[in-house]
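Look for subunit A in each of the two complexes below; its partner is subunit B in the first and subunit C in the second.
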Partner chain A sequence: MVIADHTFTQLVRMKVFYFLAVFAVLMIAASFFEMPYSRTTEDTAEQELIILKSTAMGSMAMFSVLFAVAATALLIPKDLEDRTLYTILSKPVPRLDYLLGKLAGVLLLVLVSLLLMDSLLCIILNYRTEGLIAMEIEKGKALGWPPDYLQMRQDSISQQGVTWDLQAGVAAIFFKAMIMASIALLISTFSSSTLFTIVIAVVIYFIGHFTADARNYWLHSQGSNVSQELKMATQGIALIFPDFQLYNIIDATIEGKPVPAGIFRKLATLTLFYTGIYSVLAWFTFRKKEF
Partner chain B sequence: MEETPAVQINRLVKEFPSPFRKTRVRAVDDVSLTIMPGEVYGLIGPNGSGKSTTMKALLGLLSPTAGSCYVFGKNSLKTDSRQEIGFLPENPYFYKHLSGEETLRFYAKLCGLRGKKITERVDEMLEMVSLQDARKRRIGGYSKGMLQRIGLAQALIHEPRLLILDEPTAGVDPVGSRQIRDLIVNLKERGVTVFLCSHLLEQVQEVCDHVGIIFNGSLVKEGRLDDLIAIEDQTEVVIRHASDRTLARIRAVISDAENAEFVRMGKPRTTLERLFLDEARKSDSQPKEVDDSPELADNHSDKKGADHAKK
Partner chain C sequence: MRIVFQIVVILCVLVAFGAAKLRFEDNLNQEMVEERLIQPSLKEGTSLQLGQTGAAVALGGLRSLVAAMWNLRAFVHFENLDWIKLEESYEVITTLQPQTTHYWETGAWHLHTNASVHYNENQDLSPIRRQALRKLYIDKGSAFLEEGVRQNPQNWKLHLGLARLWSDRFKLPDFSRAVNHYDNVLATDTIPDYKISQYKRFRFYSLTRIPERQREALEDGTALFRSTPNNHLPNLVCCLFALQNAVQLPENERIPDNELFPDEKTQYVWLSNYWQNRRIAFPMDGVEEKRQELQAKLGTPRPGR
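Let's turn to the complex of A and B:
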């Protein structure tokens, strides 16, 4: 807890929150976006909200993953280089506590940043949704739309506004960052270079997005010739490279689709499982490491 | 009942893999030593002789290839053995974004201190190392001497019974160096066991009561300092205001004595360090205009440290 608290302070004082100012400007700019007149369709209002959400969620996903990897990859080698690690580990601090403290500090900062960005998104999205509904009702009344159709349009636009499903999407962004931070933690326990850690983590990130497709394609092309051992080997690869396609609910929430509670629970469990596995492996490498 | 040694190193061997070779480099070779509570033990040797490796093994930062290390009877590979240890590494660097006070608070919390106890210990330590004026300043702006002193304060924050110092005065100016040595003597008087590594022999001689000499990883000599450096068959007499006649009579008495041989007579000399410190004290006691620039503030703080050390 002490190390997590300190890591959080350390990162805050590295002026990481400046990114939030960039995000705020991006959000405000996106909120002024309007569909070109020539491309106006029946669901223009919904499309505008989707673009706003897509911009925001894309920025949040990029920030959280990049930050989780870079910060985790940087902190342990920096402690070693500055010899602050000697003074910490010569205190009665178990090495596991040190590792988990660093990880928790990074994740705490990602969480706080995401919550702040999410709050900003909710405020702007809500303001924009209200405005678009008012415009749509005004337009509908002028065109003489029946009340049922007006209600349907209102519901359709609201579905693209602030919903609990959207919050599930933000949570999925955090889950991805959790896994990436724990992967970076594992690599940094045996790597002596921050750059190496970041590059390998990014490679794993990309592999994680294609691993399910590649496995399915390969199994499909092999037909019924695949032995049980090979099937188990592919499952093993899935353990090393997490299947990030499972986190595609983020895209679904941007499009305003509902996220079933069962799927969300499964995702949360999977995230804890992957984070736990990588953290335990990191501890195995770090507990006997010599300085 | 027999007292538990503060440090017990039994036949310690540490080998490192050598890149591009099949053989391994033996950094520490069969070193055994025992330090009893309250002793100040100096491990001296040239660079690369195995001093720091021995210390790291004692701190659990390295696993011995063979042998074992114990701190107050606890295996040094166990985390709880570190409850009794305070450690100051060579050329310590701390988190630059923290102030001196925040740094001590952080280390106090790591040692399990909580609440009011932290505030008490932080104030006490800052006063001990004369850094009260710089407590709110970021560590990034500290001078080398100040860093060494805050390092000493963090090592002592949890009142350890054993203090391990790796080259504690390396790179520190004579005033800062004197203050650190005075602090070590003060800790010794309070019963703290000190184990220090250095290649500055004069400084080790001044503060240690036991020494070990390490060369190429092997402990070649060890024992009480007084026993090791005393020239048993000679006696030193220092006389103030002796006239030429008195000195001649003394020489005559010696030449008349059976088995006694006159070896040398002359004026004892002060050390360059003592001369420097005297001049520093004199210039510090003279009033001068105050300048608030950071560099001068550092020097001022260092001099205050020297004053504290004098007390």
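Let's turn to the complex of A and C:
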């Protein structure tokens, strides 16, 4: 806990929260977005909210993964440079505790950042949703829409506002950042440079988005067109790399689709397994490392 | 040497963990695809370019953001009337976000409406070239929506986009095609209940404009008329009146005028309005005769033509 708290403070002092100003400007700009008048359709209000959410959630996903990778990659080299690592390891602190403390500190930072961005999104989204509902009701009354239809329009717009399903999307962003932080931690335990850690982590991030296709090719492609070499390559990818496509429920939550609790639980379980296995492997390489 | 040993151990553990999680992930993936939470893998024969697909997959969680940015960029191409770049932009956008209806609808609208009108009104082109480019971009808009439908077969709005396009009298209407698309709209399981009745009527209006299917249109129209008083709308009633004349339905099989119309004065007003819209190509059999008969009977002032 002490190491996690120290790591969090250390990262906050690096002025990482300045990016929130950028996010706020982006959100405010996106909230002013309006469909061209000639393109107005029945569900224009919903589409405007989807675009607002797309911008916000995309930025959140980008910032969180960048934070998770860059902050984790910096930690061990910085402790070495400041010589705090020697001080910590000379005390009766298990190396696993040190690594987990560092990881927890980074994840706390990502969590706080995501909560701040999520709060800002919820405030702006709620404000925009209320405004659009009021406009729609006013328009509907002027056009003499029946009360049932007005209620349907209100429900349809509200579905694109602040919902628990949207929060499931934010949680998926955090899950992805958790895995990326633990991967960066594993690489940083045997890497000699921060840049190497970041580059390899980013490469793994991209490959992780092909895992589902690789697995699909391996398990579900049959017939004469299937190449054995390609099949072996896909087996390797499917076995070694995490499947980041599963975390793309973010896109579905942006479109207001409901996320069943069972699926969300399975995703959370998978994330814990990934984070756990990478952390244990990080400890394996770090446990007898000499400095 | 120690690092090599460590990497080998790490790889072995990852492979073992990978084998253990493989089925779990595969099942979870299929469950999510069934719930339409994530997109299925692209099948063979897809018209999307491999480069774009790779980019789409690789961008992963940033797809929504990149698509939103490209959407803004596409609007700049629209303002510059650069239809080629606009089309390319929407191909990228829809590759990134194939389940977002709005992007398919907007991309198609730019092509079949804005681009086709722009070329049609471009006086620098010869009339033949103008016509050809107009048709080309209407077809491109339609093809774009069809690709959207192929990737989202249960999306009623995309089917509706096609139905509207092919029943639009300001484009190149093909009512048989429009009727098929309305059938697809009604066959989806996502269409809201309150829309079904409306689109059944729209299907009927397209059907009435196909001369060789007038009997079928009459049967459908009669069923709609009898199903609910909410369908006793001026246009539907007038279409039924004209169709009964068009197919020369025997008197005993017809819906009598006093059942179709609330009263004779309303009949006169509705038929007059209907007659004024004869450019829409609805059947007009017996409409003018009846209108004149009512005018003589009721002494109603003759409305301006």
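Heads up, the rule we're going with is that the second predicted complex is superposed on the first by the 269 of 291 C-alpha atoms of A that agree within 3 Å, B and C clash if a C-alpha of one lies under 4 Å from a C-alpha of the other, contacts with A are read in each partner's own complex, and residues count from 1 in each chain.
Here is the rule we go by: a contact is a pair of C-beta atoms (placed from the backbone, for glycine too) under 8 Å apart; a residue touches a chain by one contact, two chains touch by 3 or more.
Just so it is clear, the structure is predicted and the values come from calculations on it, not from any experiment.
J.: Putting subunit B and subunit C onto subunit A via the overlay, clash or fit?
T.: Overlaying the two complexes on subunit A (C-alpha atoms) leaves subunit C and subunit B fitting together cleanly.
J.: Looking at A:S90, would you say it contacts subunit B, subunit C, both, or neither? Reply first, second, both or neither.
T.: first
J.: Looking at subunit A, does subunit C or subunit B touch more of its residues?
T.: C
J.: On the A-aligned overlay, A:Y149 touches which partner chain: subunit B = first, subunit C = second, or both, or neither?
T.: A:Y149 contacts subunit C only, not subunit B.
J.: Which holds for A:K15: it touches subunit B only (first), subunit C only (second), both, or neither?
T.: neither
J.: Is A:M62 in contact with subunit B, with subunit C, with both, or with neither (first, second, both, neither)?
T.: Touch partner of A:M62: subunit C, not subunit B.
J.: Who does A:D82 touch here: subunit B (first), subunit C (second), both, or neither?
T.: Only subunit B; A:D82 stays clear of subunit C.
J.: Kindly classify A:V2 by the partners it touches after superposition: subunit B alone (first), subunit C alone (second), both, or neither?
T.: first
J.: On the overlay, how many Å separate the closest CA atoms of subunit B and subunit C?
T.: Least C-alpha distance: 9 Å.
J.: Same subunit A residues contacting subunit B and subunit C, which ones?
T.: No residue sits in both footprints.
J.: Give every residue of subunit A touching subunit C within the complex, in rising order.
T.: Interface residues on the subunit A side: 30, 36, 39, 41, 43, 47, 50-51, 53-55, 57-59, 61-62, 65, 148-149, 152, 173, 176, 186, 190, 205-206, 208-210, 212-213, 215-216, 219, 238-240, 243-252, 254-255, 257, 259-260, 263, 266-267, 270, 273, 277, 281, 284-285.
J.: Spell out the residues on subunit C that touch subunit A in their complex, using ranges where they run on.
T.: 3, 6-7, 9-11, 13-15, 17-19, 21-22, 24-26, 28-29, 31-32, 35-39, 41, 57-68, 71, 75, 97, 99-100, 102, 105-106, 109, 157, 192, 194
J.: So in the complex, which bits of subunit B are touching subunit A?
T.: 56, 59-63, 79-80, 82-83, 85, 87-89, 91-95, 97-98, 106-107, 109-112, 151, 154-155, 158, 164
J.: Show which residues of subunit A lie in contact with subunit B when the two form their complex.
T.: 2-3, 6, 9-10, 13-14, 82-84, 86-94, 288, 290-291
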